[in-house]
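These notes open a run of structures that come right after.
Two complexes follow with chain A in common, the first pairing it with chain B and the second with chain C.
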Partner chain A sequence: MRKIIQIKELPVIALCAGLFVYFTCRAPNFIEPMGMLDDLKQYASYAILAVGLTLVIGSGGIDISVGSVLGFATVVLGVALSRTESSLALACLMAMAAGTAFGAFNGLAVARLRLQPVAVTLSTMAAARGLGYVIAGQGISSINLPERSQWLQDAAYYSPAPVVLAAAIAIAGWLALSGTTFGRHILAIGSNEEAARLSGINVARVKIAVYTITGFLAGISGLITAGMINTATTEAGIGYEFEAITAVLIGGTSISGGEATVLGSVLGVLAAALLNRGFGLMGISDLWRMMFLGLILIASVLLDRLRKHVALRSAVVEAVT
Partner chain B sequence: MSKRLFITLLALAFALSGCGKSAEKQAAPKSKRTIVFVFKLVGIPYANVCQKGAEQAAKELGANVEFLGPAKGGDVAGQIRIIENQISRGVDAIVISPNDPNSVKPVIDKAMRRGIKVFTWDSDAPDTKRIFYVAAADDVGIGTDIMDRLAKDIGGKGKIGIMSGGQGALNLNLHVDGVMKGLKKYPNITLAKPIIYNNDQPQQAQSGVAGLLQANPDLVGIACVNSPGPPGAARALIAAGKAGKVKIWGLSLPSENREHLKSGAVNGLILWDPAKLTFLTAKLVNDYLDGTKPTDGMEVPDVGKLKVSKTGIIIMPGVVITKDNVDQFDF
Partner chain C sequence: MSTRKRRTSRVPRELPIFLFLVALCAALALARHTFASAGNLRAMGTDAAAIGIISVGMTAVIITGGIDLSVAAVLALSALVGGGLISHGHTGLGCAVTLATGLACGALNGGLITIARMPPIIATLGTLYILQSAATLLTGGQVVYILGHLSFLGNGFVPLAVTIIVFAAGYAVMRLTRIGRYVYAIGGNEESARLAGISPARVKMAVYISSGFLAALAALVTMGVNNTFQANDVVGYELAAIAAVVIGGTSIMGGEGSIAGTMIGVGISTVLRNGAILVGLDARWAQAVIGAAILAAVIVDRVRRR
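And now, the complex of A and B:
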């Protein structure tokens, strides 16, 4: 029993199963494969962001700039394609570089200047969005993607590539977190930064790495988003941080760091995608979807607290007896 | 552990076995036609009024008319997400007011390919396969109209500002073009740059105008082209003690501006009834699905005479609202 409670992903697995069963019964066409795939694709960007955020939150930090950085990368792509002669590949590289640069900035500010992650990424959130508006130009919010970017649009909108890419990134994230020294260091820092430092872990380097990776992943999500919405817009990714962070926390990663699961985060995104599809098919307003997500989030945070409490108590009981 | 797993699986199996019946029940009333409106966002007053029109249409047409949209403003991808849901659901018609005209192009193609009829209303996506667009007045003309009335109230001279909503919304950009076009007629009126974008958020409308007033103490008027604009601008003017001194004309709802119109903080509104617009659209879409296409000059009871262009743009006549007639409008 105690062991089962300790499975971090258990609540999110139950949630996904519950949503799946409920919507299969209630929502028309819920398990139609083509539609299911189309709806999962809408959540590929979130899944990629969630992988990065799992590392950041696992290390005891937070990154609320991901949505804005995604938007900025999208604008960089649009500007590079529409106002320079750069090839699609070069423009994509520039967009990813832009995301990575913001991520590296977050990492440096958090690790070297020892600033609060929420304050740093709140500033980047505003700065990236603002810079996006600036480089797009006054009054321009939507940049038409030219002919030579057709490949990106075809790949993102007409093929399952976003889901495949998200799965590959999730597997890489899972391996990195659970199978490498880097991953162990992330969790060590998340559970006790001072102890990690004393045990010889280069805390600053690990932190810079997780934020930079997250920025890079936000850049990639920006490309997918631009391809899927057929345009480069300054408004891309608005509010994505909420849903991506929600997915991570629903998935069983602890908001206070030290415990993280990439699998859980991906399942958290899946739960959000199932909820979206189910409500969408039933014609239920998006406002209810947001409210429901909020409720699930608070329940997950409570559950995380409860789980830790139980774990602590049983550890104490074991130590005493 | 294995016992638990077994129980879970058993529960799942039970749940799924009960499933068949209700899914059949769901499929039965499929004969009723479903028309889904997908707005830029839901939860704002303008969207709520549109929704009333959709509800009225549902009653009168005997169809299932729904009103959806993303919960956040400017959420381009969120709108696509909802349209994808509706395609998968297999509705009869989808009517969109796009956040961004380019963004809906692939998804409109997909819907039309699957036999779902797609239309636009409120804001257009002209380079797509949408069947027709029902416009609330002429998008450019309404901007020019706002400018003309503002110019009259400020005596044809002085510095004015322009406030819009999302930078990507085609209808709003056309309204702004209309204001600019009107502005050319008045050589003594200058424009305070930049244009303010409130992203359809009341707070941003207020703070935007507060900033504009600080940067331009000599401002005499503001032309607003989206619904949170005039009340937001009025609140900023009241806070700055400039209500009535700076004139406001714009596009907005009477209910959001009733007090401001009466106190003189807002001079007037140019508008259509969004509920009527949505109702009319639902009716035209329903007729189209029945095989009747709209024709130029056709008279619709309660709405007036429609203009129908060859490019599939249908224009509904608009109204002017001031303090004298604001109480006649209940939306």
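And now, the complex of A and C:
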């Protein structure tokens, strides 16, 4: 029993299972595979952002700039393709580099200048969105991708590649967090930065890596977002940071750092995707989904506290008897 | 407390950003003679009103070491709840209901944070979703028409005047009253504040309720100015308010900051947006500069501490 209670993904697993069973019974054609795949694809970019955010939040930080950085990467892709002769591969590389650069900037400001993560990423949130407007040009809010980007659209829109890519990134993130020294260092920093420093961990380097990875992942999500609609928009990714952070927290990662689960975060995104599909099929407004997510977020934090309380109590009882 | 007093007796910590604001205004006034015109000042005052009013509550929240991501959602919900009554001519009742909704939402946040002991960022992110969707569900995304019933709040320099009164009241509460000192004490070190006999739960509750109330007041002013209201009108206001507070030198860690600084922060972001339009740029471009201003403010704060 204690072992089971100690699984921190338990609530989100139960949530996904519950939603799946409920919608299979109630929503028409819920388990129809092609439709399911299409809906999951809409959430691939959230899942990719959530993987990066899990590492950041696990290290005791936060990154609210991911949505804007995604948007900026999208605009870079659009501008590179429509106003320069660059090939699709080069444009994609530029977009990913743009995301990575913002991530590295966040990491350097947090780790080297020791600035507060919320404040730093709030500033990059505004700056990345603003720079997106600047490079798109006065009054331009969307750029149609030209013909030579057909491959990107084929991959993002006509194939299950986004879901496969998100799954691959999730597995990589999971392995990195729970199977490598790097992952242990992230969590060590998140639970007690000073102790981590004293035990010889290069705190700054780990933090810079974590934010840079997150920026890189935001760049990749930008490519998917643009590919799926074959358009680069300056408004891409607005509000994504809140959705992705919500998924991470629902998944069982602690906002104060030190405890993080990539699996939980991806399941958190899956829960949002299942809700979206189920409510959509049942003809229920998307707003109920948002309200439901808000309630789940609050409930999951309260549940997590209860879980820790029960786990601690049973540990005490076991120690006494 | 003593270090804070010592610092204020020398150079006010708001001086650098104040000089920046003055320089910015001077440059714009020289570049465009329309900048200092009465019409433009009125436009800027109106533009600054809603975000300015919620920034006052946000400053107190952030000084306690918390954050309130739900303010824009509270603004939208209270506007839509009260706006319906106002549009039917029940102006007084509608205003009271608007303010009561804001108080209730603030109490909900305060309860989640103090009674359920949730981290503020999670509690208010949760209520952001809940209240924002409740606001839109309530009206089905329709526009509420105020039909001039609140024009007394939206005409001329009234929005600016209301904002200044709110800032003055906030300044007085934070500088002169006991609860204002408690707010700083809790943000500086909650445990020692508790040991000194302050009830952190009660102070935090008061702070989040104030934040909800000011969001509702901002709702009334917004309805007065626009004469209509739609939930989408205020998306992103929470981040604009947090940005103004941070530019104003309030530490996101809590314990340090001032209402005066926030007022300057609101001024800087308003003038930047206005200035971008005046010199013929897209107002959205100002975002890039606002991002840089936030970073500069945080770095200045960091340097001063060393």
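In this text, the second predicted complex is superposed on the first by the 306 of 321 C-alpha atoms of A that agree within 3 Å, B and C clash if a C-alpha of one lies under 4 Å from a C-alpha of the other, contacts with A are read in each partner's own complex, and residues count from 1 in each chain.
Definition applied: a residue touches a chain if its C-beta (ideal position, glycine included) is under 8 Å from a C-beta of that chain, and two chains touch if they have at least 3 such contacts.
Everything numeric here is computed off the predicted structure, so don't read it as measured data.
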| item | value |
| --- | --- |
| Chain A as common anchor, with chain B and chain C clashing or fitting | clash |
| Which of chain B and chain C A:Ala73 touches, first, second, both or neither | neither |
| First (chain B), second (chain C), both or neither touched by A:Ala236 | first |
| Partner chain in contact with A:Gln138 - chain B first, chain C second, else both or neither | both |
| Which superposed partner A:Leu122 touches (first chain B, second chain C, both, neither) | second |
| Touching partner for A:Ser285 - first (chain B), second (chain C), both, neither | both |
| First, second, both or neither for A:Asn276, with chain B first and chain C second | first |
| Partner chain in contact with A:Ile186 - chain B first, chain C second, else both or neither | neither |
| Touched partner set for A:Ile48, first chain B, second chain C, both or neither | neither |
| Touching partner for A:Arg26 - first (chain B), second (chain C), both, neither | first |
| Offending stretch of chain B which, after superposing on A, collides with chain C (from 55-63, 91-99, 181-189 or 253-261) | 253-261 |
| Intersection of chain A interface sets (partners chain B, chain C) | 133, 138-139, 234, 285, 287, 290 |
| Footprint of chain C on chain A - complex, ascending | 62, 109, 113-116, 118-120, 122-131, 133-134, 138-139, 234, 242, 245-246, 249, 255-256, 285, 287-288, 290-291, 293-295, 297-298, 301-302, 305 |
| Touching residues (chain side chain B, partner chain A) in the complex | 1, 4, 8, 12, 15-16, 18-19, 22-23, 26-27, 36, 42-43, 66, 68-78, 80-82, 84-90, 99-103, 105-106, 166-168, 194-195 |
| Residues of chain A touching chain B in the complex | 3-4, 17, 21, 24-26, 28-29, 32, 34-36, 38-39, 42, 45, 133, 138-142, 144-145, 153, 157-158, 225, 228-231, 233-239, 276-277, 280-281, 283, 285-287, 289-290 |
| Touching residues (chain side chain C, partner chain A) in the complex | 67, 69, 112, 116-119, 121-123, 125-130, 132-134, 136-137, 239, 242-243, 246, 251-253, 281-282, 284-292, 294-295, 298-299, 302 |
